[in-house]
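Take a look at the following structure, please.
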């Protein structure tokens, strides 16, 4: 995936800076806009087909949340952006899905980009870019495609429970980001499970041929998640310290709380990272131990039978004058000698703890 | 355990921020409140069953220490929190046992979360979250379950020895935290013992099959302890620099002392960490050495007997015309040659220090 | 190449500081100057043969971009430098191609050095030094040789599209640097492809004899690119914070955008760096695994046949009195015993998962 | 030793903070106090048995250096401390020998703890805690036991040479600390010798069975020394920047000089640390090389004689119809074939550089 | 050498701080002083035998450069130092050759210590300490022995070319330091050559027995050079920021240029450091690959001939009743079977890519 991102940037080579070009997968995402307009008294929820329908809500006194899915619909996004007076570079970044989490502060709005992580049906970790514009009385959110982690937030707004509907747009942005960060915990839980599975596989010696590659893949996945999450700490930190009427002082306590959660997530990621490196060590040691075991079997077999075979070879020689050959019990005596040798060597290897 | 913590966070997915939800093990902890209310003249000590009984002490002129065990009793904690005017996020953090050590500064109280580490009967290291609220004239402490490291503190308050009863609530918080940090030394002593046991086992070659896994487990345990202790340094540091009437200047010297202790603890943890990594190295080298020894036995046996067996094979051939076969002493001469070869090779391997 | 750079510096040993000496490859680069002089209304584009022809444009009111190719033409560069009043050390650095990316701030101009990376026809990564002088109303650029990444920029100026022609020289510098940084993405894409090729080669066991050396070469190439790109972050950062009439406040947003891109590039480079190290690990493990497999075959063959050969040896002995030799079916019984042994050992190795 | 330190802390578990409890080895150290009281004109030197005898010197106009040996004499130290008005935590730290080097600034004195390192008769590195109190006109020093590195300092004071007797107490503290830091060079020289001995042992292949363990021990010793010395840099740095009448500006130049020495010591320690890690690498490579050599001997012996033995085996078969057996010279021809094979294989291995 | 330095410090144990004691090799260096006294009009150059002869130049209006070779002539250096009013610690540091690069700022002069690196006739890297005193109108330089890298500087002063004679003493110090730093490039070029030689040796398998030790030595040499060069960056940086009439603002641009060069040198050193570590890896992999190859030959020989030898052994048995022995063509059939087995196994190993 990291490679894809880089490749996608390529499409823009030679274009003027500020060109609004979607860099994601163009296939099948349809435009889907849903809007919430609410205050303590009312809560309007609508699904819209065109961006123009959202324009009426800009100057309402209530809080407006416009959520747009489908970053490939560049023209619509530009229309919306122009209506809300967004800087061309913001529009460029909105649709360029290889952004790293960041916050850009403009005069009358904040632009926040982050990564929404969730697991798909096969337990693969999927990363989707989501951007927020926080202005006076509104939050715009832009997602690559439909499907997000905000259902609980929507329900809370609908029901008007808790502080959800009484507070300003900065609090709405907070609960949206909080929902995203809470989902990070699910992701690292998935990671933790994978690592523990590997660990018990390696320890039980039950390793497939691809364990080497699988560990590398896991390592890379952690790198990727790390890259998606780590810069967000700085973003949240800067929101918490932002001096503007957009973020009220009492909301900052809540952003500090997200920050604490993020620290927990990133600490866990770093622990998993160390664990992955240890996995590789464990795997190498397991290989060494196995080879050691193989060597021991070989050594024991060869060390015991090679001298015995030599003795047998001696008495298979055809010299005319080999007196032992003609004694009556020499064959049986020889068997005795061989058995003594055999037992002696077994005892020697036993004492060396090779058996 | 780190995994458990992450899993527990999961329970809150989709809940409104500030929801006070206990994230620990719900089983069998009963609510248990004990209260100390003292000054230079008097010292009242009580065990209470309901939080309401504590409300009377809020406005006493004496120092009040309310210690609540059983974080699963969320309703009682909310009652107490509302009585003491605590922020909803503080209540949420109080009962969410996956917090990392932190300090949050509110207008008229400080909120401190840290980890109490002690060893259970099987020498396992147990980590329990403990939170403190330091206000004007009172300290609230919240523990997951009964059983703590404060018995010596209680005894000191009862007997009124030293500075214990004459000083303000900030000093009470100090001696409580000092007791916790002093216990960290016991923990790292336990760790040190484990590492030295491993080391002498590995060096004596007396390694079980699970040594690989055991070292990984120890590595992880140190990571976990590190994570519990390291952030506390910043917490103590910030208390020591806090500018508010809650912390008196003369108490800051004492907090600086805890800080020094913490630095000692964390330095020791980092030394143990390096030692664990070295253990792994030592173990790998031990394996290599063993394989080397096995190889040498194999090489010596094979190198000595393979040529001798070849010679025996030669004179076991059935060619009609093999003149040596018919000389009278050739069998004995051959034995002589073989013994010379045998001794020569022993000497060669001796010189190579393989024997 | 890094070595070449160092060697080239050598040429200057013993020269006075500020001596303008070209340190690159002197062979065949011809002087080539092209000039753009434009504002909103007009756009003059010329190719010149001597630097003197550029002197007229210095005091034009329009934006002038003079692009000089061929750093070996030291005399011409000194002429141009003196005309534009450049410090002797700037001239020295201009033609000394082993500079690391840097920005030097002088009273009435900024001097920026950076590396232009592109791939040649064989997919090798080529690094070329390019220097910019940004003054009031003009940008001078100095390239080692013809051929650059600015064709799209030129086209944009010609067509006067977007902001290209309306803005000041600081914006021109921005679009030039943006073009260079955009090309870095192509470079790291090339790197990513190489790494993935290696990875699938190693995993499929399809490794050539030079894989060891190839990985080292790739490692070094990444080090080299890292060194070319990392210092640029600080350069861009300082342009963005530069307080002078040369950089207008509204252009700083654009430099912040380049900075974001650079962070993405450098993060990708660091990920590739970790991946390379992992490649080496994977390769080592692959070798170990192969040796293990070889050992297993050897062990199985030897362990099965050595005892059988011993038995055959026994009955090849020539003792007079070996009763078994004379029983009628002993030969066939012996075959039976041998087959039982053979099958037993196969079963044993099967159970050990060596087969 | 690091473990011992930790264990010793344990003794204080449950004690009130500020309890003055000696944490070292209690056995046999007797109290020993020596005092210097000098200025440019006079120099009194005495050995005292009780701390009370020192009290007279507190208010002398001359510089007083009271040196107390025997930290187990807690009561005497408390008496002295109270006379000089020391904070209880200072007294606690004085006798608690597991302190890390630190400086605490109090209103009218500085408290400095550091480690005195010297080698005992067996070249083991011994660490002893020493604490200084620097006040107006006096320096108190507290040592675990008799025996220190100050003999040259004492001699200089007695003889009044150089600046020794003309300057203030801050200069006295400087020459004491300088003497300690100068001894660190002896210590790291001892370390360097040990490492070079190891290195030449490993390179000459002359490694004992315990080399593995010995390297680990050395590694740990370096960790321990590092821990004793590194924090001292910060201590000296803070003395050099201390703004109080206790440290005169002209003395600060001298502290800067100690600082430079410390940097040299710590750099050397870090170099030795890297060298130790390289030693381990060298040792591992030596093992690998040895195994390689063993393998080669085995391979050569087996590869040469196994096919020859096979050929001999062929002609030991008892088939009725084996025409070669009956040719007159076939035995001699066979010898020829075998010798050709033998020489051919020797040549092959020679070309492969295995011989 | 690093060890020598440490040992040399030892000589001073017990001496008063500020004692001027030469810590280098005392053998055969003779005192040698050369002096330049110049301004735009004149240039006097002399070689002197006693320091007293230099005293006249102190108060000349021209720039004076006194270069003293032979740090063992402590008495002369003290005389010169006292004449120029140098602090005792400066004199101590001047002759103590284990200094790390540093700058000490005194009221009317700057004291700079650095390392001059050059290669001797055997391409060994030699480090010599050189100290500068920069005062108003004069530069003093102190070298361990005759022979330096300043010949080009002297020539430039003599000829009065460029800025050399028109500028102040701070510019003289700059060109001296610039000459030293330019020589660092030669040193790292030598290093680079050594590393590339090693690399091609290892890759071609042409490794001597000492490669292990040689790599360690190279590693240590790089550590040593690093230690000599890295602190110089801070020194140059502080000169560039020094606020005093000693360093004129326009000279600071030149010091910034040295700083840039130093960054290039140190970056190259760090790249070489990484390359050395990779060398070790490559070497280890080469060893593993070789062992693998050896194992494969052994496995192939043993696996092919062991079963064949077994078969031959079977028909060498002396049972009375072995019907196969008496069939007419069984010997030839057996040969057929053996050849089929032989070819089959060759094919098997071919498919496994072991051949």
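Things worth noting here:
We call the chains A, B, C, D and E, going by the order they appear; numbering starts again at 1 in every chain.
Note that in this section a residue touches a chain if its C-beta (ideal position, glycine included) is under 8 Å from a C-beta of that chain, and two chains touch if they have at least 3 such contacts.
The model shown is predicted, which means the values in this text are computed figures rather than measured ones.
Listing every chain that touches subunit B and subunit C alike gives A.
Here the chain-to-chain distance from subunit C to subunit D, counted in touching steps, is 2. If you lay the C-alpha trace of subunit A over that of subunit D, the rotation comes to 145 degrees, to the nearest 5. The distance from the centre of subunit D to the centre of subunit E, with each centre set as the mean of the Cα atoms, comes to 26 Å.
Centre to centre, using the average C-alpha position, subunit B and subunit E are separated by 43 Å. Shown for subunit A are the residues that touch two or more other chains, namely 288, 291, 295, 298, 302, 306, 309, 313, 316-318, 322. Taken pairwise by the contact criterion, the protein chains form one closed cycle in which every chain touches exactly two others. In the cyclic arrangement of chains, the order starting from subunit B and heading towards subunit D is B, D, E, C, A. Interface of subunit D with subunit E (complex): residues 151-152, 156, 161-164, 174-175, 178-179, 182-183, 185-186, 188-189, 192-193, 196, 199, 203, 253-254, 256-257, 260, 263-264, 267-268, 271, 274-275, 278, 281-282, 285-286, 288-289, 291-292, 295-296, 298-299, 302-303, 306-307, 309-310, 313-314, 316-322, 353-354. The touching residues of subunit D, counted against subunit B in their complex, run 2-3, 6-7, 9-10, 12-19, 87, 89, 92-93, 98-100, 102, 104, 205, 212-213, 216, 219-220, 223, 227, 280, 283-284, 287-288, 290-291, 294-295, 297-298, 301-302, 305-306, 308-309, 312-313, 315-318, 322, 324-326, 328-331, 334.
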